[in-house]
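In what comes next, chain A is part of two complexes: it sits with chain B in the first one and with chain C in the second one.
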Partner chain A sequence: MKKICTLIIALILPVSASADSALVDRVISNHVIPRFRTLAQTTAQLAETAAQTCDLDNGQVVSDYHAAFDAWVSVSHLRFGPTEVDDRAFALAFWPDPRSKTTKALHQMISSEDPVIQLPENYAQASIAVRGFYAMEYVLFDEPTRALGHPDYQCALFQAMTKDTAMLSQAILDDWQPDYAALMLSAGQNERYQTDKEAVQELFKAALTGFQFTKDTRIGRPLGTFDKPRPKRAEARRSGRSLRNVVLATDASLDLARQLGQGEDALQSRYDELEHYFTTAVAKLESPVFAGVSDPQSRVKVEVVQQAVDRLLEYTLGGLGPHLGVAEGFNALDGD
Partner chain B sequence: MKTLTQLAGLLAATTALTAPALAETAPEKAAVIANYADIAEATYGDSLQAAKTLQAAVAHLVTDPSAEALQAAKTAWLAARVPYQQSEVFRFGNPIVDDWEGKVNAWPLDEGLIDYVDASYGGATDENAAAALNVVANPTFKLGGTEVDATTITPALLEDTLQEADGVEANVATGYHAIEFLLWGQDLNGHKAGNGNRPWTDYAKGEDCTNGNCDRRGDYLQAATDLLISDLDWMTAQWGAEGEARQAISGDEIAGLSAMLTGMGSLSYGEQAGERMRLGLMLNDPEEEHDCFSDNTHNSHYYDGLGVQNVYLGDYVRIDGTLVSGPSLADLVAAKDAALDGQMQGKLSTTMMALGRIKSAAEAGFAYDQMLEQGNQAGEALVMGGVDGLIDQTRTIERIVTELGLNGIAFEGSDSLDNPGAVFE
Partner chain C sequence: MTSRRGFLAGLAAAGLAPRTTWASAGAPALLAAARTDTGAYVLCGLSAAGEVLFDIPLPDRGHAAAAHPHRAEAVAFARRPGRFAVILNCVNGAVLATLDAPNGRHFYGHGSFSQDGRYLFTTENDYEAGQGVIGVWDSAKDYRRVGEFGSGGVGPHEIKTLPSGDLVVANGGIETHPDAGRAKLNIPTMQSNLSYLSTQGSVIETVRLDPALHKNSIRHLDVSDDGLVAAGMQWQGDKGQVVPLIFTHKQGKAAGVLDLAPALYRRMNGYVGSIGIDHTGRQIAATSPRGGLVLTAELRGRVQDTSIDVYPDVCGVAFGPFGRMVTTGAGQVIGGLASTPNIYPKLHWDNHLVRI
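Right, the complex of A and B next:
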């Protein structure tokens, strides 16, 4: 009897294991790694440019900032493993900020000319509210912040921020290849991913969480309620990136979902349709920062974009999930 | 594929037959769910009981103010938090609890809405025009463009007019944390040890009254406490034999088990590990403490964690020391996969050990504020120990969801999927 059991195990396990493992391998190689590589490259470029000029209105500084922020938003759904070590992703992207911690902490820091910015290892210990893309946005685009303190301090602060961001991004990439990729590929043989499906589920959850964050937070916060729209809560409105972030984040989650459903024509064609609805809805928006949420007529257009993201979320849950044989699980958005 | 499935079934059956020790008989799922509801009823019942003790202490403080009376009210508040925090595990899996919870435990709050604050607090903010409204000092005021008559402070005023005023969540006018602020006052110690230092004379009569409007402050405190009791009374009833919360999970075993595990996982990960613990650490911000006025955050975290463990083990120690115990999720999981049950129990214990370390360090004098300070490595290690434990136990909760075949739950309710074109209709 024992021999038969062993034989059956040998027959059963490799089938699903190799399929899941190959899928995880493809997604890591084609989706995860290239995106984190772009983040490391663009943040390094931004740090290099910032090191060369103290003119924060310099066109190259601004375009490098946007390129790096684009790269961040395009990985912002991949919140597991290397991004969660040492608070890296939190430090890159502290938002939303309902209690205005960034303004308070940043203004305090600039007004007191806090020397914490002088050494990267000290700055890396500072509050996440004064680090990363959203804090940088204040230094580049927020007039009250720009008016504070001495220009030399502003320059040194921005240099510290860009350097910190580049270091965090490189550290994430370094952890992904080869170690974390290997961990996911050896799912079923390690403590973290105890079956092959758990690695697939991790990627599936990333796509879902990305759609959910975009729908509830990137779009939901400025929408507020009909009676209380909240245009000032739009993400990165000072740099005019609110809609851009929604588009990039949706594209990123969609690319991951499509890759997870690779080879399944029915899934792909449904994603084609849903993507079309999303891009059509986006094309009808006039304001890049969702300024229209306060006006009933243009508000509807923002709501339609939100619905389009919701359709992607729901279809991923109801279509892709069963196809992969994995559950929704829990994510960081489950709390309040 | 079917053949393989059948073989796998055969294999499973064979393994079970030849296994040296037979797994325990699985309990009836309905019995597990009933025990869960019993624990919820006991936990809310205890919260109600403890709040009544608080109510009596508050009444004494207001009618016969003294330093001792204020201290007695604080002691009663701290005791009241013990059962309530253990109830938080019922929140996320049960919509009836989640919809109600903000009335009693909303946090963080812009406390300047309620009473006087230090100059460093600032005034109205971009996010909240009513952040420094100070209802205690102002019998009438404008709120969101409407004139409000608050000459008499009643539970209805708090609940209907002030709570989440102007659609801002930080306008917390009711519940434990509003009462906490009225008992302790602001914690102005920053990262240093020490909690709010409200003088008892804030409730004194006549000329002894400090900071003005002692009578209105007392009215507010009593109104908030009365409201807490009526809210807890309502929720306790929802878990009674005919209560809506119990009914909602009793008819459907999958929904019931799913509610239990959803509550455990969502509280562990998104809420406690993320929003309540890690965020404060990363912001180095003592205002991010959950029970910031009283410096009771270590207990708040500990009893949240204990609530998760209660639900899994099917046990709850009541405030009178008696034990509520019955068929549990642990029994159910152990019967299907003893190793998975061992993993879950081990991780819950690890978390409780980590949360216990935060609690014991805080009670020995290393305040939670201090743990959050920039560069305080011992504090960071303590808090992250709790965070890591909570995140790790959530992974095993996910495995149990899969093991118990509850995966399908999340896939329901997608009737819009078949017609994505409806977006533009």
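Right, the complex of A and C next:
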């Protein structure tokens, strides 16, 4: 009997290990790389458009900005490896910003016509608060910021920001392929991922933290408390993107979760139900920037959207996690 | 040994005489918070053999507790960004006082009493300024807040009282703001330190680690009888980089990173959840719930020997006359005077184990 058991284990282990690596391979090729490629393309396009016009209200500038921001939100859950080198992700997305560092630093920069914007290399050394999508949003959509300084400086600033964003996005993509993808695919044979499971776990955690950030921060911040709702804390409200970001971020985490659970019908149909619950809740919102949080009746609708994301989070934790064999304990998951 | 009659008399008297000693609470050796399997939260007193002597309901998830040095009083902190803490009479479970964080402050979940037990010092966030603060509460005045001073850094987490009576604080370096939940706001520029403070708030000494490791957040600490501080860190940088997570320091001397094989640090997954040092300063134990292990190191100036115990979801750790004790999220209490682990399947022990 003992011999049989040993034999079975010997047969099962390699299969499941290679299943893990096949899974990682699929997720990288179908989810990770295409999304980072879109980010690199859309940010390059934005930089190109910005280089051709100093009219910041130009329709092409605005639509390119939205396309690039969409692409960022759609990878914002993949915070490991290439995004963390040299704090690239922080430079692309400095938010939340409860002490208004972006406004302060940006206004100081424009008022003093800081020459740091003249060279892209220098701009990359500027404070993280004045880089990336959230700082660009002020230059495009925030009236007090627009009113400051000379239009030529505003134009040069926006060009520096878009170029910096494109360089960061390209650097992330370049690191992903081929190097970081290869590292994850050779999990079990390198220092970074010492077992096959560790690469699966990294992707699983990315889906989880994506849901968590959307629930707690993207939705939680404007919700505030019942007595003290905070509509002005909604993410990217100046460009009217708050709800759009919630939808894109949730779709991104959900796509990753579904791909990790590929071939498992029970998981997929549960995700179908949860996705339906989420999209139905979203369809009932009237304001794209969660302006309804101050009114008890429309506030409930925002709470339902938050609840829908929480359900996705909980199911990913309790359903997908055990399926992948990467469940986490009470302290491991939620330390301090 | 407490007689049963004495114990009951203590219980009966508790309502009238709040100044009861730990003996009246069954002489617990340690305190630990837990989540029950029904989702409620409790603070438990544990014997040196790891038996639960009492459990007191908590209003919300507790983080750590601080034990009064003489009286059977414990402070249970809500986890960060918590705005309240409760002082519990551990004999009858009564709430003796509630500490409300003043406007513009929240607790980080740790505190320590002055040597004489009169003052309680709590780590707090002055979040509009992005600076750490130590709150001072007077136990002789129903735990009224009587002052505050800077913690010497950003994001102060664990605080302990030194044998000299001064304080030592782990300033984790991470800026957070309650409006942004638990989001870490300054990782690219964070700077952690270990600060020694007088109880009046003057900074006696500040210890910073290698600038290349500025993303190493010093979070938890413990102190031996002769003032040797052991500190545990949490790495906020790239997970691929294996960095030291434990160091020791004695006031006036250089900090010494615990010289362990990188493979050992790697197994801790960049995360020390809790740390303990024995009274002689010769043994350190650091837990890593993310690595599912406890690392124990023998010191004689430098590391002589190390051992690893694998316990899934382990986090709480403390040394005492009973030796080393650890707790896990799966309900185990391991070590101390018990020869076999006590298992409480309905209790998920939370992050810390506090020696009384």
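We adopt the following convention: the second predicted complex is superposed on the first by the 313 of 336 C-alpha atoms of A that agree within 3 Å, B and C clash if a C-alpha of one lies under 4 Å from a C-alpha of the other, contacts with A are read in each partner's own complex, and residues count from 1 in each chain.
Convention: a contact is a pair of C-beta atoms (placed from the backbone, for glycine too) under 8 Å apart; a residue touches a chain by one contact, two chains touch by 3 or more.
As the structure is a computational prediction, the values presented were derived from the model and not from experiment.
S.K.: Examine A:I128 and indicate which partner it touches, taking first as chain B and second as chain C; both and neither are also allowed.
M.R.: The answer is both, since A:I128 touches chain B and chain C.
S.K.: Between chain B (first) and chain C (second), which does A:L274 come into contact with in this model arrangement: first, second, both, or neither?
M.R.: After superposing on A, A:L274 lies in contact with chain B but is clear of chain C.
S.K.: Please indicate which partner A:Y315 is in contact with in the superposed arrangement: first for chain B, second for chain C, both, or neither.
M.R.: Touch partner of A:Y315: chain B, not chain C.
S.K.: According to the stated criteria, A:R244 is in contact with first (chain B), second (chain C), both, or neither; which is it?
M.R.: After superposition on chain A, A:R244 lies in contact with neither partner.
S.K.: Tell me the contact category for A:F90 with respect to chain B and chain C: first, second, both or neither.
M.R.: The answer is both, since A:F90 touches chain B and chain C.
S.K.: Taking the superposition as given, does A:F80 touch the first partner, chain B, the second, chain C, both, or neither?
M.R.: The answer is second: A:F80 touches chain C but not chain B.
S.K.: Just to be sure I read the superposition right, which of the two partners does A:R99 touch: chain B = first, chain C = second, or both, or neither?
M.R.: The answer is both, since A:R99 touches chain B and chain C.
S.K.: Between chain B and chain C, which makes contact with more of the residues in chain A?
M.R.: Here the partner covering more residues of chain A is B.
S.K.: For A:G329, using the defined touch cut-off, is the partner it touches chain B, chain C, both, or neither? Pick first, second, both or neither.
M.R.: both
S.K.: Same chain A residues contacting chain B and chain C, which ones?
M.R.: 87, 90-91, 98-99, 128, 192, 194, 224, 233, 329-332, 335-336
S.K.: For chain A, which residues count as touching chain B in their complex?
M.R.: Going by the criterion above, the answer is residues 1, 5, 8-9, 11-12, 15, 87, 90-91, 94, 98-101, 105, 125-129, 192, 194, 197-198, 201, 224-225, 227-228, 232-233, 270, 273-274, 277, 280-281, 304, 307-308, 311, 314-315, 317-319, 321-322, 326-336.
S.K.: How about chain A: which of its residues touch chain C in the complex?
M.R.: Touching chain C from chain A are residues 80-81, 84-85, 87, 90-91, 96-99, 128, 191-192, 194, 213, 216-217, 220-221, 224, 230, 233, 329-332, 335-336.
S.K.: For a test of understanding, state which residues of chain B touch chain A in their complex under the given definition.
M.R.: 4, 7-8, 10-11, 14-15, 18, 92, 108, 125-127, 166-167, 169-170, 265-272, 274-276, 278-279, 282-285, 287, 374-375, 394-395, 397-399, 401-402, 406-407, 410-411, 414, 416-417, 420-421, 423-424
S.K.: Help me check something: in the complex, which residues belonging to chain C touch chain A?
M.R.: Where chain C meets chain A, its residues are 35, 63, 79-80, 109, 127-128, 130, 157, 177, 179-183, 185, 187-189, 219, 234, 237-240, 242, 266, 271, 273, 289-290, 292, 312-315, 328-330, 348-351.
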